[in-house]
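Going by the order they are written in, the chains are A, B, C and D; count residues from 1 in each one.
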Amino acid sequence: MKKKVLAILLGAVMVLSLAACGGGGDQGGDSKDNTKQEAEGGQDEGGSQSSDGGYHFEVIVKSFQSTYWQAAVQGIDQACEELGVTANANGPANESDIADQVQMINDVIEKKPDGIGLAACDTNSVLDSLTKAAEAGIPVVCFDTGVDDAPEGSVYATVATDNEAAGACAAENMFPVIEDKVKAATTDAKVRIGEVNQDATALNIQQRGNGFIAKMIELCNGVDKKVAVVGNEFYVNAAEGTVSEAEAEVIIEVGVPAQTTVDLASTEAQKIMAKEDTIAIFGSNQTTAEGVITANQTLNKLSTDPEKGIIGAGFDAGTPQKEAIMNGQFIGSVTQSPLMMGYECIQTLNKIAKGESVSDIPMDGYWYDTENMEDDNIAPNLYD
Amino acid sequence: MVKKRAFGKLKGREVMVLGIIVAMVILFSFLSPTFRTYPTLVSVLDNSYYITLMALGVTFPLITGGVDLSIGTGLVSYALIGGYLIIHMDMPVGVGILACIGMGLLIGVFNGVLVAVMDLPPFLATLCTCMITRGLGPALCGGFGVSWPSALSESGTFRKIFKFTTAGGTVVPIGIIFIVILVLIMSYVLNHTRVGRYTIAIGSNKEATRLAGVNVKFYHMLAYIISGLFAGLAGVAYAATYATIYPGAGAGFELDAIGGAIVGGVSASGGVGSIVGAFLGVIVICLMKVGLPFIGLQANWQQIFTGIVLIAAVLVDVVKKKK
Amino acid sequence: MGEVILTMKDIDKSFPGVHALDHVDLEVRKGEVLALMGENGAGKSTLMKVLTGIYKKDSGTITYEGKEVEFKNTREAQDAGIVIVHQELNMLGHLTVAQNLFIGREFKKGIQIDDKRMNEEAKKLFDRLNVSIDPKETMSNLTVGKQQMCEIAKAVSFDAKVIIFDEPSAALTESEIEEMFKIIRDLKKKDIAMVYISHRMDEIKVITDRVTVMRDGTYVGTLITEECTKEDIINMMVGRVIYEDPKTESAVPKDAPVVLKVEHLNAGKMVQDVSFELHKGEILGFSGLMGAGRTETARALFGADPKESGDIYINGQKVTINTPQDAVDYGLGYLSEDRKRYGIVVQKTVAQNTTMAFMKNFMKGIFIDKKKETDVAKEYVDALATKTPSVEQLVVNLSGGNQQKVVVAKWLARNSDILIFDEPTRGIDVGAKNEIYKLMNKLVAEGKSIIMISSEMTEILRMSDRIVVMCEGKKTGELDIAEATQENIMNLATREIA
Amino acid sequence: MEKIKQNALVKKVGFNRIVLICVLLLMYLAFCILTGGAFFGISRITNALNYAYFLGFLSLGVTFVIATGGIDFSIGPVMFCCALVSGYSLTTYGVPMALSLIMSVLIGVLFGTFNGYLVAYWKVPPFIVSMASMNIAKGIAAVFTKTQSVSWPQASAEGGWYRNFVNMNGFPVGLVVFLVVAVICAIVLNQTKWGRYILCLGSNEEAVRLSGVNVKRWKMLAYIICGTLVGIASIYFVAAYTTVQPGYGDQYNNEAIAGCVMGGTSMVGGLASISGTVIGVFIISLLQQGILALGFTKEYQYIITGLIVIAAVYADVSARRRKN
């Protein structure tokens, strides 16, 4: 009888090993692994360029959930091909799986690559691992999200969007459209501007949200309108130069869903959009921007004309958002350059490996709308 | 005729839940002017489709005295796979929908085999399938999220099954019609066909049912297959309602569905339950999800309330039994 | 006597480590009731399970209506006309009576189940059997007796030619048994063959035509009921004479102190104003029919179920007992009729079960004193002659009688002075019964006091010093053993019914 | 085979456990070979373990609950709730570190008591209670922290000493603590009245009640023990990862329950083994690490863990079926 127990458990081990071997083969076709193979091909051709190439980097992204990261991986692939290096990308199942990501970083440190590219899910929990990397002499380049408190000598460079500026960029582009409405606002006939943030936890989302709010306050104050921020307490507390709700002519309402699922994000958007005085709404990342779009499916209130409906703007790209812009639901969105960030990350790592000096590369957030979507500097970043 | 049977004889519990729904709607409308608008009604319904579908299915394993925890991660997985076929393999939308439902059936059969044939505790077996389905979708689709075609694009017609926009811009939630039809069908299946009868019988006394010459394994398995099938349908509903399917989502969806069913009077120990009750229970959960943010409570309160309502719903039964 | 309808010949069946059936023969004739008797574990149920296809036989032949058959499952057996009425009720509590009757073979209209027709058919069936049960009633709302009737009705509805009754009377009241016998006689007239498995000797005499006896998986012999005595049957079952003589007078001195006094105990319908006294060293028999409220009285006294009112005095002192915990603290011990559910933890060892009620006594600081535990358990195993390979044996592996002894050991280890034995010998075979009786006598000789609830008249008459008789939740009389007879006990037990 | 089973030493350690240990070692070997030796080495193991202790504590805790025949689905979210509420008090209200740590454990105890009370005294099915308290834990944590993540201090910062619980200058304190707690749990379960009653009532609650035992109290106690261990788990979580986010934690339920079940604790109650749970947890986290080291994404780990647990449970169920 016990024989069976043993047999089954051993069988399980076999399944595991088989899965491990077989799985490796299967994966060859998909984008995460083919960097390796392509690069190996490249290496053969460029074998003579001894100083250039041959390096192996490990890249850890926040997750593979959204297509944003697909674009980043694309950029990594591209850089690998050009440089003749190899890179292997991995990431947790969910952007909130902090624990998993830490384990992944520790694991790649054990593999002793020539460098690590890191998009940290959480800037605090990775600090120990960064220290470890520094001790092991493995250079780290942060991309997408910077790690401010990184221990000395661990992070060589950061390739990241200035999220505050990117958030402000959305406010700057949104304001002119709603300017008349804002000007017409009084304390009795307030206008409401909505913002949906995925959470109040990730640093880049926080910066983006705060950037938008700060800029919007500044612009409204510029036309002599007082602003109140309501909703999620974190953002309410972070905002400066605000007045109480009763005194304000303009209200910025911040919604944060309980969990980062699209259904909850869209509920938050609905809540804001359903209000009579709402004139504009901003979704500060792909999930929440899509939440706004989903909410509009029932409300049908979004419009590019402030007289006819609510002005919508989003962040990042993805098919639904691009369609929303083309169909006149969003006036536009801010995109980062995930592709370029991935690309620059590998470039920087390569430079470090070769011993060249590197510096931080700030990436811009670009405003895009129907006008410039086809432009050369924009189009590649508008991933599906 | 059918309708009369399903709705003509509402049981005490169903009336109670219906009462709670009415009370909640009145309360929310009273507290929030924006809540009493037509679009909000539509959005409550919108939110409820995939949960209702899951609940319709999971009621069957619950009535057999088991549970199916794999439906939540399952539906996201199936929707991912379906979407992957459409977007990355250029298959027609129909194929994607069929794949979605097909995968649901397949996992349903798998659960059924584990529980009915191999005799594993349902809780544990489906916990494992929950993990498996969680990994399956991303593993097959390379780990990235996919967006099914949008309502505006040519192949996005399938979204109109659930929501139809008239020329005048009014949104008609025709999805609810389909849901009600499905509720009636499943209510009929549970109350007036062998499948339903044996499902209740298994939950009541499995051994006795077996001794009565019923092919218990088959019908026990069928309960899980129904659950899987509806998880597949829920996958389609989810894909139709929301823009992008993110892998890794879905854990916890099953609790909304199971919680709804339980609030609606389905017994966690088997033998008792109605489809109409499960449906109404889900509406309570969805009302809370959508309604609480409207009355100015931060989204997180909703979770606390869900927890309290769940316990209250079961305590009602416990106290009743004590009397 | 009718022609032979079913013959089982040379049936052999082994389970790992057990030779359950050793070349057993059985013959059933049309229109007769054949009693199948034997101690627990004699192989009666196994034989019936082989017949109806639940088990597969290793060898042998089954001839039914002149053809050799082998059923693969109960369904096939049913279709052929062989139906079992089970010992444990196989009811689906959540379904209605009619739904239960036709489970597995519903009438259908297209894909829809025709509940209306099922109700009609059930009604017809009940009319034929002369019982009044509403087919639309939910099963769990019926009394146990009515549920049993449904089981029988179900068997009849299969157009059964052979019906097997597996201890059908175990849960029935006297009047319900009478009603059942009426049905059985009716069925006999319709030329239906019946196999009747029971432990109750008096029933066998009343209802059966022949008796087939089995012992240890073998066929012992068949007797014509009218021509044999109880002793003949018992001798065949055990191969030895077992009964001691009944008690004729109380062994307790008149002035023995009262250890337990119960006054005006009320707990629901089943316990109404019950008062009695228990003397030191006495066995107080509680007699009555099923459902008379004896077990309920014991449970209420013990704090297992809530009580409404009543005073309890232990050794003259008034006490409050609201939970079993209180009762145990006052030195009461309760040995339930259903050991597996209420008496022992089957997945634990003999030692662990022995100490369960009195862990306090087996602690060394915060730890369990395992040595003491083992020693004490061993002591009781020896004292009670429990048959177990060691005290580390899981209780699930012991026989019914030995499990009962473990429960006794549990209360003895707790120093309980008042023991309530609820049907102490139910489901225990005849040999082991005797040992339990000896044990009880030994306990009272040592100064313990016992309340014994029993449905077996012989048991009551043999063991008790005094007898309390209950009927429908009320105490109807109290008899000294010297004046007690079957007749006057029965008279009290049925007084209100008659 | 029989001979091996009769061997005195094998009997003492328990055959099942030996099988489990073999599986663990074989797995480790397999990973070492598959990763070309990169997986080999003590430091590698302790490093990996640093991040898995919290799972171990969760598993230990839920073992007690499963032993009573119940289930606790709220352990993950409650763990996060503990870490969030006490961490937020620490960072925002300036509660001292030591007090915050105690608070973590207390919140765990509180949830354990809540669950236990409802299950034992109100007879609410454990599955539903834990579903509810999972929601409540998530909600409370989010409301309390205003939906912000909380970062506990770094090792170098003030109050950073708590991180030594995991690892002090390379010495695996966490491993020692974990093993000590496991031994205490084993003693509680097997050598004390608490454990005896918890196991017995998991097997046959009514029989224990009629033996004059206050079953409700002991049942509740199992949940309280679980809550306490969940509180400790929360400390080990933050000591390893520092940051906790509101709204999550459910992902650890499955892994913790899987570890417990792998170790031979029966879902129907009455049978539980702490040593089994410890080995089970090691297997689960080895799997996690190994699959990662092989370069696979998390998804594969889910799938493989799921399959292995099914295999383990099936082996258990079919073994028991043969016995009966």
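Just so we're on the same page, contacts are C-beta pairs under 8 Å (C-beta built on N, C-alpha and C of every residue); 3 or more make two chains touch, one makes a residue touch a chain.
Here the structure is a predicted model, which is why all the values come from computation and not from measurement.
Note on connectivity: the fewest steps through touching chains from chain B to chain D is 1.
The set of chains in contact with chain C as well as chain D comprises B. In terms of the distance between Cα centroids, chain B is separated most widely from C. Centroid to centroid, with C-alpha atoms defining each point, chain A and chain C lie 71 Å apart. Taking each chain's centre as the average of its CA atoms, chain A and chain B sit 32 Å apart.
Rounded to whole angstrom, the centroid-to-centroid distance between chain B and chain C, based on C-alpha atoms, equals 46 Å. Residues of chain A in contact with two or more other chains: 32, 64, 91, 93-94, 97, 232-233, 256, 258-259.
Contacts with at least two other chains are made by residues 134, 138, 143, 247, 252, 298-300, 302-303 of chain B.
Contact topology of the protein chains: irregular, matching none of line, ring, star or complete. Under the touch rule stated earlier, the contacting chain pairs are A-B, A-D, B-C, B-D, C-D.
Against chain C, in their complex, chain B makes its touches with residues 188, 192-194, 197-198, 200-201, 203-205, 207-209, 211-214, 271-272.
Contacts from chain D toward chain A in the complex involve residues 1, 5, 15-16, 19-20, 22-23, 26-27, 30, 34, 38, 44, 47-48, 51, 138-139, 142, 146-149, 151, 154-155, 237, 240-248, 251, 287-289, 291-300, 302-304, 307-308, 311-312, 314-316, 318-319, 322-323.
Those residues of chain B whose C-beta lies close enough to touch chain A in the complex are 34-35, 37, 39-40, 42-43, 46-47, 87, 134, 138, 142-145, 147, 150-153, 163, 165, 169, 171, 173, 241-244, 246-249, 252, 289-290, 293-294, 298-300, 302-303.
Partner chain D is touched in their complex by these residues of chain A: 1-6, 8-13, 15-17, 19-21, 23-24, 32, 64, 88, 90-94, 96-100, 102-104, 106-107, 110-111, 122, 124-125, 127-128, 149, 199-202, 232-234, 256, 258-260. The residues of chain A lying in touch with chain B in their complex are 30-32, 63-67, 69-70, 91, 93-94, 97, 231-233, 255-259, 261-264, 266-268, 270-271, 274-276, 286-287, 290, 293-295, 297-300, 318-320, 323, 327, 384.
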